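Structure record follows, encoded as structure tokens.
Chain lettering (A, B, C and D) follows the sequence in which the chains are written, and residue indices restart at 1 in each chain.
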Amino acid sequence: MVRLNIGLIGLGRLGRVYARDLGTRIPETRLVAVADVDARLAEEVAREFDVPRFSADPQSVLDDPDVEAVVIVSPTHTHAALTRAAAERGKAVFCEKPPSLSLAETYSMKQAVERAGIFFQMGLMRRFDAGYAAAWRQVQEGVIGTPVLFKSTSRDPHRTSLEYANPKSSGGMLVDMGIHDFDLARWFMGDVASVHTIAGTLAYPELKTVGDIDNAVVSLRFADGRLGAIDLSRNGIYGYDIATELLGTEGTLRIGYLRETPLLVMKKNQVSHDTVPFFMERFAGAYTAQLQDFARNVLQGRPAPVTIDDGLEALRIALAAQRSHETGQPVEVASVSA
Amino acid sequence: MVRLNIGLIGLGRLGRVYARDLGTRIPETRLVAVADVDARLAEEVAREFDVPRFSADPQSVLDDPDVEAVVIVSPTHTHAALTRAAAERGKAVFCEKPPSLSLAETYSMKQAVERAGIFFQMGLMRRFDAGYAAAWRQVQEGVIGTPVLFKSTSRDPHRTSLEYANPKSSGGMLVDMGIHDFDLARWFMGDVASVHTIAGTLAYPELKTVGDIDNAVVSLRFADGRLGAIDLSRNGIYGYDIATELLGTEGTLRIGYLRETPLLVMKKNQVSHDTVPFFMERFAGAYTAQLQDFARNVLQGRPAPVTIDDGLEALRIALAAQRSHETGQPVEVASVSA
Amino acid sequence: MVRLNIGLIGLGRLGRVYARDLGTRIPETRLVAVADVDARLAEEVAREFDVPRFSADPQSVLDDPDVEAVVIVSPTHTHAALTRAAAERGKAVFCEKPPSLSLAETYSMKQAVERAGIFFQMGLMRRFDAGYAAAWRQVQEGVIGTPVLFKSTSRDPHRTSLEYANPKSSGGMLVDMGIHDFDLARWFMGDVASVHTIAGTLAYPELKTVGDIDNAVVSLRFADGRLGAIDLSRNGIYGYDIATELLGTEGTLRIGYLRETPLLVMKKNQVSHDTVPFFMERFAGAYTAQLQDFARNVLQGRPAPVTIDDGLEALRIALAAQRSHETGQPVEVASVSA
Amino acid sequence: MVRLNIGLIGLGRLGRVYARDLGTRIPETRLVAVADVDARLAEEVAREFDVPRFSADPQSVLDDPDVEAVVIVSPTHTHAALTRAAAERGKAVFCEKPPSLSLAETYSMKQAVERAGIFFQMGLMRRFDAGYAAAWRQVQEGVIGTPVLFKSTSRDPHRTSLEYANPKSSGGMLVDMGIHDFDLARWFMGDVASVHTIAGTLAYPELKTVGDIDNAVVSLRFADGRLGAIDLSRNGIYGYDIATELLGTEGTLRIGYLRETPLLVMKKNQVSHDTVPFFMERFAGAYTAQLQDFARNVLQGRPAPVTIDDGLEALRIALAAQRSHETGQPVEVASVSA
């Protein structure tokens, strides 16, 4: 089997999962170089997955002539520069969401990608989850008639670190967490015309110190008048909960699940089960499928199913939602520009 | 609306529910007399539901010329004599399961009913539960092809009183509790050829003092070779659980449910819900529907859907199961006679 | 048992259920008079439930000296006048939701009730549903910590008649259907400060001819900054679906259920079950419990748990949501006055 | 990381999964040789997973000095000879269930293993499933008090091939399919004293031509008097269904699940979801975990958690169940000897 030589940049929580997938689970890839600012971590990961080269400097991955494609999972503020550098070197790029924290930066990525004519795939993994993928097919097949309402809920099982929650680092909850739901909204329903947000710091007052919120409700009006409702929360105390619904004129689809272990515990007057711990467990399959799809697309010369434009537009909705939160008014998505 | 004048004998736990149903919920009935050996209870029930006459002596109900039909919910050992007496007086009879504790007694009831030509309906309420009734219709419609396996589980949420558990009083677990499952087995699948039982007093050792068991597994071979498996337990600690399955050649039906209140409680890493407390809650609708059906059958001259033969044959299976438990051997049902 | 003599006005779909409950299911009531503009219907209901007096004129019920309490289930535009008339005669009143279609009319009811000092109970039955009641108790007990997000969904299984959908008759979807969710929002969370609505006629274009919508998403900001999200739809094609969630700082409560018959049908690669047909089935118990509560409150001199103010404020939120839909802007609830 | 060099014998449906796991998913293993009587298949698998050596002759794997441990997934009738040969060469052995089709053969394996003092692990993968493993831990922790009833259901989604169903090839349904449930019974509850079986060829008459059955109900009495009930079926038309219950004195555990894709499809009056296709999907994680456990045990010198005795005793129960089916009588498990 022909394999794609991958250089992986960023070895945080998700980066290590990507290293495992690229190094051991995806037959179409060969992980040939890893980089992380934490040199010890880079060495450790390289040893664990038999990766020939590791470095504390992403530049060495980008300059590695053996690297055909770069997978970028480093902190968001580094995405744009790394993408531009990879584009200059003609490497194929997979970039984890969000593309960046500003439209201007994202436009610069788009420009670099288009100028260099490189292959670029945006990481928005929910599209590769078995539930979302099956729902999307059923919508296309007309199973539920015309969808008229898109509903989506994303809840983390606990507060993120204050460092990460800082909007300067992650973009804040509406960008960092919401971008998945905004992307799903576009994927299932098309362009979003306007949004309205209400939000607050209601469960974890300490988040106010870094300027983030922990709960939000966003209404979406699609360009054709259809409706959307998204709620986001950091206090899904019971477990990681990602659920989406498409209400159509002839039926409804509900995506998501809560139970992790196939075990019901039944005690006096009570039936209970456990829940999904976090995104690694819920979307383990989707992360792997997404990177495998990336490799196959590059190897077979197929277009990316998730593009820089998808990242750009999902970010635009998130920024519009943020502006609505700040102003208290509905915001036209098109009015948000770089 | 023409109403049927009912005399009710027996005002225990279930008798009071029957009094409420006959007195207030079923438009086709008028409760005109109640009797219980506990005179104070009879008076109290009569007052609660505006019943004109009450007594400590069932004879007075039987002799009441205004009473057109008798509902018998008194202790099992009284069923046969009361049925015979009602038959002699030409009253229609509804008799709670089991018909009696012996085949000989039950044959005497059958004889009395047939000789007098009275209407007699056996109380086996599960047949009137929405779930069981819907399953039965779907089996007739061929939804699951040919059922090949009948599975049924009955579990009480706690131990019965030692007095009630005494086989001399209730017939023991295989008769008292199992008769419902044996009746369902016959209703869905037809004649039972042989049974094999394993059982024990495993959860409540004190039941040994009265000679009863608390767990049993009964295998059934139907006359045409199809299979059945029933398990009974007194320690359904988590709640009252009645569940039946019909496995067919083209699909499967599962009857039953566990959740009582439409509420999910989701706490840290756990989702839970409550359970059905006991049979009054689980089968409230079935009890009412059964008595209403009885009244309509009498008023409209329709035959009883559940006959003394149904009671007799379900009892015969139960007694065969009991004999198998005692001998450790499979038992031919037909070999069990009065 | 002392019984309350009831006169029932309005015998439509819900009125007949109330007649059955008041006439046969609630020991504390005696249904002594019924009225409906359809005289034949009034007679029919009276015959079915042994009601001594019936009429095509509600006035006769109001003037009936035997009537101690009036239950009003007639069309909404008649609620205010009937309540005022009952108040003048000193009768206790139970009035179905919504109180009326305007704040001015509702204030006139409030005034009449207060001036006459009569007992008045607003009909908002979800508060009497086992699921909602259990959730409310658990919130009070602190099971989920502090609720920070209130989410609620109401979906009819099919379009209402164009006649009924007409906002002039029913108030439109935001009032007619939404008032239940707005009342729950207040009951669980307290005062609503502002609302924002997006809505459309997306599934049944013919509703545009009478000026109604069929889908809406309403965001609510509570006075203390907490959040709410409500979605309403006429195209719950799969079944009647009423679901509410309270997301708290230490857990979550989910109220509602979908399955009607306790039966799972399992065919090739598919497990399915039926759904709740409509509100009569979903809230049968709540309707009965609500009227029984009314009777007990009047008989025992207890205050009403659901008052004219509850009706007034839920209506105010609905009207604010309607105004937001019309203007596209968030609306302060307090700015909506008679 | 130190890796264990594995030789894999047998590349059928399950063998290929083992190849993938050993070759790509388990960091502790290195797949150095594969063999299958189908030479083309051996070559294909070797190419897919970069296995250095492949052969049509298992002997070459056994004789390979680089092979430290042999994984045997070839047809059951070859297990004993291969195990004996591996033992003679001092290789560690992982052998798929059932050990063989006769007690005599299995005793010969046991003798060879013990004489050579090699490491031997029996493949009974359900013990490594997250649900079963969690249940086992909770039983040890006393969560349900003392288990008194063990219930287990195994259903294939469709008939096996007649060739495979042939008892001479697979051992027949009670051995081939039942051995998992019999092993679970021993694992959770201890020694089985006696069994009673009823069975039939009820759904697929063509199975009679090869002498196999398609439905069976087996009652088990454990040595300490506790009870068990197992039902097996080839016509789980709706999907692959493996479910086990432990009913205890203080609660109950239910292991298993039915839904494969996290998607509910809700159409007119119906809610449905898909089901688990087959064992590869249901137990994908368990198969991987089991081989990883094997590798770790060998590398770290730990004893096998599932031994040849576990295979032997589960087989003995299966053979007793088979004899009961043939004689119609309960059978003492201890009476079944080589």
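Keep in mind that, in the parts below, a residue touches a chain if its C-beta (ideal position, glycine included) is under 8 Å from a C-beta of that chain, and two chains touch if they have at least 3 such contacts.
As the structure is a prediction and not an experimental result, all values here were calculated from the model.
With respect to chain D, maximal separation of chain centres occurs for C (centres as means of Cα atoms).
Of the two chain pairs examined here, C-D and A-C, it is A-C that is joined by more C-beta pairs in contact. In whole angstrom, the spacing between the mean C-alpha positions of chain C and chain D is 57. Remark: chain A and chain C have CA centroids separated by 42 Å (rounded to whole angstrom).
Residue numbers of chain D whose C-beta contacts span two or more other chains: 237-238, 250-252, 259, 266-268. Partner chain B is touched in their complex by these residues of chain D: 145-146, 148-149, 151, 155, 196, 198-200, 202-203, 214-217, 219-221, 225-229, 231, 233, 235-238, 247-252, 328-330. Across the complex, chain D meets chain C through its residues 157, 237-239, 258-259, 266-275, 277.
Chain C contributes residues 1, 24-25, 27, 47-48, 129-131, 134-135, 138, 143-144, 250-257, 259-268 to its touches with chain B in the complex.
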